[in-house]
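Below you'll find a set of structures to go through.
Each of the next two complexes has subunit A plus one other chain: subunit B in the first, subunit C in the second.
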Partner chain A sequence: MTATRTTAPVSGTDGPARRADEAAPAPAAAPRSPLLRGSALRTTGFHLTAGLLSALWLLPIVLVLVTSTRTFDDIAAHGVGSWPHSFTFDSFRQAWVDGGQQRALINSVLVTVPTVLISLGLASMAAFALSRYDLPFRRVLLLVMLGGNLLPPQILLIPVSKLSEVLGIYDRLYALIGVQVGFGVGFYVFVLHGFMRAIPGEIQQAAVIDGAGPWQIYWRVILPLARPALAALSALSFTWIFNDLLWAITVLRTDSRMPVTASLIGLQGQYVSMWNVIAAGSVIAAAPTVAVFLRFQRHFVAGLNLGAVK
Partner chain B sequence: MTAFNASRRRFLVGAGAVGTSALLSSCVTQSPAASGGNSGGPVTLQSNLSSPQAKTAMQSIVAAFDKRGGAKAQLNTVASETFRTQLPTYLTSANPPDVYTWYPGSVAESYAKKDLLLGLDDIWAGPELSGYSDALKKLCTSASSGKKVFVPTSYYWWGVFYRKSNFAKWGVKEPKTWDEFLDLCDKLKSKGVAPIGLGAGGDTPWVASTWFDYLNIRVNGATYHRELLAGKHRFDDPEVRKVFDTWDQARPFFDPNGTAIPFQDATTALLQGRTGMMLIGTFFADAAPKDALGDLDFFQFPIIDPKVPVAEEAPTDGYFASARTKRTDETKELLRYLATAEAQELYLKSSSGTTLPTHPDAKDTGTPLVIKGRKLIESAADVTQFFNRDSSDALQPTADTALVHYLAKPKEIGSILTTWQRSAQQIWSQ
Partner chain C sequence: MALIGSARRSRATRVPPVVLAFVLVPLLAEAFWVFWPALQGFYLSLTSWDGLSAPKFVGLGNFSEMVHDSVFRTAAIDTVLWLLLFGGLSAALGLGAALLLQQERRGIGFYRAALFLPVVFSLVATALVWQAMYQPDGLINNVLQAVGLGSWQHAWLADQDTAFYAVIIPALWRQVGYVMVLYLAGLKGIDPVLYEAARVDGATRLQQFRHITLPQLRSVNAVVLSVIVIDSLRSFDVVWALTRGGPYHSSELLSTYMYSTSFQSLRLGYGSALAVVIFVLAFGVIAGYLVRAFREAD
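This part shows the complex of A and B:
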């Protein structure tokens, strides 16, 4: 779709220059046909290159899908890269049942959904206060939040693990929720602050005249207006939290509490990896994020320019 | 000699520093949460055997343990890579898991030194473990405290594996000595087969260290090998140089892809007959299709110097327990059960069955391969574990770097060994 839409104007604007090139070898021939041939050539060329590029991009995904439907004996005898000699869905069963992906997927949802709700709830409140009211030190607060995001999370692994232990929440799902909320909120506040600042002050003043308190303004005026930003952020944060592995293995140690990413690396053996089961597990682990992406595709694109124009 | 003394002093200072920090961290972690521990309840068994097959085998052991009444156990399987990196955290945490799958020898010793492992002298005196061989007893005793800290349950062996049908097709036989081995390589090469597969690419560069281990124990002997890994000799000594001179004779026969593909792909190459043989541990059988298993055979790493006592590489696996466990009696009960012939046979039955049980009365799976492997180890004068298990996980990467570099640029061996010594020195002196 996009390909055809973009090629049309390109070939149109490039037409004259192109005709001069094409016309050089046969100046006497009919002037229109080289133009048509030239533009047709460009279109095919474009489609061919773009098609090849997307095929190249899709190749790893296809390889994972194909590998997930092969038997282990086939892979062991012919290698991962060979043409498939077998077809089975048993690896999905192995990943789902023996590999414990079912339990892990539930854990992932148990962590991800509350985390998204809590962190966006907290972040929108903070952003509302920081952007709509003249609080002292609000710039400093925002900078601290942004600064926290620049810190590489790896250096906090040991403090977080020790702290969760001292607090007695080590190896609990809500420890993971707490950590994820803590590390996400700063960034969400920053983005939402930028968005809420752009909402015209008159709307809020009108609400004040109508007798609305801060809570009502937040809940009934600003929050509905910030919906596009919230939708984009929730789609983004869902994928981030769902795909996180680092914090999960830092604060959890029981296999029945691990999220799907951790159970995916658990499918690897100590020495030998069953590539078909791992591929099937990857497909299962990727399915929810793909579903969220397809559902909220529009907001993803909107999310990209959230911070761009203020 | 002076350099050695200085490094030794530094080592002691470093060990002291490590000890102090361990002490400090134990003070921190023994605050509030420690009293809130859930004593009672099942014994947690933290396992790194995460492949579906091994996991099922572990589950059946735990189920059998639970069924016999008394203490209960809870299996907790973690990806092996996660386990390796998190093990120090587990052991130093205030409410640690009770029992862990891990390795005896110097790897366990590094934790025993910090007093993190439960002393197991009393269960070693019990009926389950008293029949174990003296070599295993020595292996499981901590050098610093003199206490036994480990319960071994299985071991596997390394050998030069090949496909019987391929050897028959090429008309070649198992070699005994180094010269016969080189002849065999020559013959295979003339047939257009890469004689020696390796598989030290990708994420398994450690496979190459078995060549170093074996050449060293064949040329210099197992005692020298262990001392070298413990930092009592230098990697740029002439003895080590001799190892690489021997390796140079075999190097032209290595698969040129050896350092490009991981060992699982190298196994496929061996099965397809693109390479002739491969020095590998029995775990590689898990990477072979079931119908090829009967066709696999191995021979002992060839004898280079008949005057050197024959040692073999046979890594032992088993369990240790945390010193901070709150369920000492139940933990020991589980460890005693794991040491029984019954539990070990159960594990072999449900797993891929290429390992050997440590209990003298436990039956192995009885396949010709396993019988041959058992004979190999039992006839050996000495047994080594593996490079990282005889030294430390920290030293392993230095070997990987050096050996992969050597295989790529063998002429630079002098500078490679100097670099290796320098990086090993840093680890020993920590």
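This part shows the complex of A and C:
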């Protein structure tokens, strides 16, 4: 697990690598230009390559932002790919009000926030029990739970949609929350278990001597210590759940109940070739996760590496 | 030592009931929403069912039907091709980006963030962004026109020959940053002493890459492989949003075919059987992942 390590030893790789640039031409007694000019050239080359790559990567994002502020007439007259000849925020109003993105965004939040809280709550409890107590079959339990999360969701789609019908929650947001919690929890247990396992046993012993019960140890001792992992998983699971399409269209049917990802597909059908509205809808749908990413970038990257089994 | 040992033993003797509940509640939630439905899914693959009347048991009938189903064959081939192309390219490009951006230097944070940003977009939003670029009057055709390659212009998503590749590119655009982050962490974990020793021995950059970097990244490669295969077989959103598997099933994957068979044609038994095929394809990787997790878990 490289959870906390990812951000730390920056200078370790930096030092020798930079020395490499300077040392490389020396032993070969190369017909190279003087040292300084060589490294300056390299730096320029690097920034050119990396800058070009970044520009290429950001181009679609810039394009969608530009498209979302053009008028429909402009797009119809000049094409989606042309330079903008207009500027308006009206497409956002259309997507937000007429396109139902407002309702959809509320639905997304109503699903995502409880799902993140419930799954991490449940997962941290299970991880606590499995990592801090000698339960029978704990390794097997852990892997069974992880295995459930690795299943291709396709095998579950039909039964889950029928199950929610039987429960009478088909087409309700509860069904979406339920299946997202059930499907995600195994992975979070696995990651949190790896993290909690590394907390020294003495800390727990001290709490036991002070007369703390399991609940107090969990709530007062282990959970605060697991905060970095919880933060990383929160950032990560927020985007996963918020961005989900498959589960939403499996257990929901009514347009007004769809979360924002699924409603984008509806927008695509409703505003065919009105690219300004579709672009504005995409911007609205992407804004929350981009905000989470920019705000919690460090946790986010740590979270991706947390899940990596070595 | 003795103290830790006795602590271990006292932990072992008595597991408070609350702790059992801590495990059982999440386990039951998962059992209810995942394990039980999965078992049903396997059973349904042996039936013929329209979702209204009772499922009719047909044994392996669905699987023998697949043999003669040309759409299934297309979807299966496309899925494997997707796995190789999407998987291979995202691993190669992700590693390349990580190698390029591994050194801490001025501006590196911006470059990394630029490559990583698409990872946080939903695949649907990604698809719509690219759909606009792919339009006949969109950016890609305009650029081709501008650089004198006007004859290369295409209706990228509507053309059977290009739709599949046109769908892979947005998926790649989004995946490369993710793989890059995994490799960046892996590269950081390599002991710099190894490179210094290699340089003393006069190894070239390429030799260092082949004989130090690649072998040292073996464990990360295993992670990337699992992530890629599992993600590939799950790929659905981007195809669904861009082409729905069309035109004429030319960009059909098993996941999209499974969805349309089940929820549009309402052939739930056959759809379940398709899901079982996806499971079988993923099984090797899932098992490998679990074995590694098992070794790590204690």
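Keep this in mind: the second predicted complex is superposed on the first by the 269 of 310 C-alpha atoms of A that agree within 3 Å, B and C clash if a C-alpha of one lies under 4 Å from a C-alpha of the other, contacts with A are read in each partner's own complex, and residues count from 1 in each chain.
The rule is short, and it goes like this: contacts are C-beta pairs under 8 Å (C-beta built on N, C-alpha and C of every residue); 3 or more make two chains touch, one makes a residue touch a chain.
Everything numeric here is computed off the predicted structure, so don't read it as measured data.
**Q** State whether A:166 touches subunit B only (first), subunit C only (second), both chains, or neither.
**A** In the superposition, A:166 touches subunit B alone.
**Q** With both complexes overlaid on chain A, does A:274 touch subunit B (first), subunit C (second), both or neither?
**A** After superposition on chain A, A:274 lies in contact with subunit B alone.
**Q** Answer with first, second, both or neither: which of subunit B and subunit C does A:94 touch in the superposed model?
**A** first
**Q** Of the two partner chains, subunit B (first) and subunit C (second), which one does A:219 touch, if any: first, second, both, or neither?
**A** neither
**Q** Where does A:79 make contact in the superposed view: on subunit B (first), on subunit C (second), on both, or on neither?
**A** both
**Q** Does the superposition put A:254 against subunit B (first), subunit C (second), both, or neither?
**A** After superposing on A, A:254 lies in contact with subunit B but is clear of subunit C.
**Q** On the A-aligned overlay, A:174 touches which partner chain: subunit B = first, subunit C = second, or both, or neither?
**A** neither
**Q** By residue count, which of the two partners contacts subunit A more extensively, subunit B or subunit C?
**A** For subunit A, the partner with the higher number of touched residues is C.
**Q** Would you sort A:133 into first (subunit B), second (subunit C), both or neither based on which partner it touches?
**A** The answer is second: A:133 touches subunit C but not subunit B.
**Q** Output check: A:265 vs subunit B and subunit C. Expected answer is one of first, second, both, neither. What do you get?
**A** After superposition on chain A, A:265 lies in contact with both partners, subunit B and subunit C.
**Q** Identify the residues of subunit A that lie in both the subunit B contact region and the subunit C contact region.
**A** 79-80, 161-162, 249, 262, 265, 268
**Q** For subunit A, which residues count as touching subunit C in their complex?
**A** Touching subunit C: residues 2, 5-6, 9-18, 20, 23-24, 27, 43, 46-47, 49-51, 53-54, 57-58, 60-61, 63-64, 67, 79-82, 122-123, 125-126, 128-130, 132-135, 139, 141-143, 145-163, 178-179, 181-183, 185-186, 189-190, 193-194, 201-202, 205, 213-215, 218, 239, 242-246, 249-250, 261-262, 264-265, 268, 275, 278-279, 281-282, 285-286, 289-290, 292-293, 297, 300-301, 304-305, 308-310 of subunit A.
**Q** Residues of subunit C touching subunit A in their complex?
**A** Where subunit C meets subunit A, its residues are 4, 7-8, 11-12, 15-16, 18-20, 22-23, 25-27, 29-30, 32-38, 40-42, 44, 51, 97, 100-105, 107-108, 110-111, 113-118, 120-125, 128-133, 135, 137-143, 173, 177-178, 181-182, 184-185, 187-190, 192, 195-196, 199, 202, 205, 219-220, 222-223, 226-227, 230, 233-234, 236-237, 240-241, 254-255, 258-259, 262-263, 268, 271-272, 274-276, 278-279, 282, 286, 289-290, 292-294, 296-298.
**Q** For subunit B, which residues count as touching subunit A in their complex?
**A** Those in contact with subunit A are residues 28-29, 31-33, 36, 46, 48-56, 76-82, 86, 89-90, 93-95, 97, 263-265, 267-269, 271-272, 281, 283-284, 286-292.
**Q** For subunit A, which residues count as touching subunit B in their complex?
**A** Touch list, subunit A to subunit B: 72-74, 76-80, 94, 98-99, 161-162, 165-168, 170, 249, 253-256, 258, 262, 265-274, 277.
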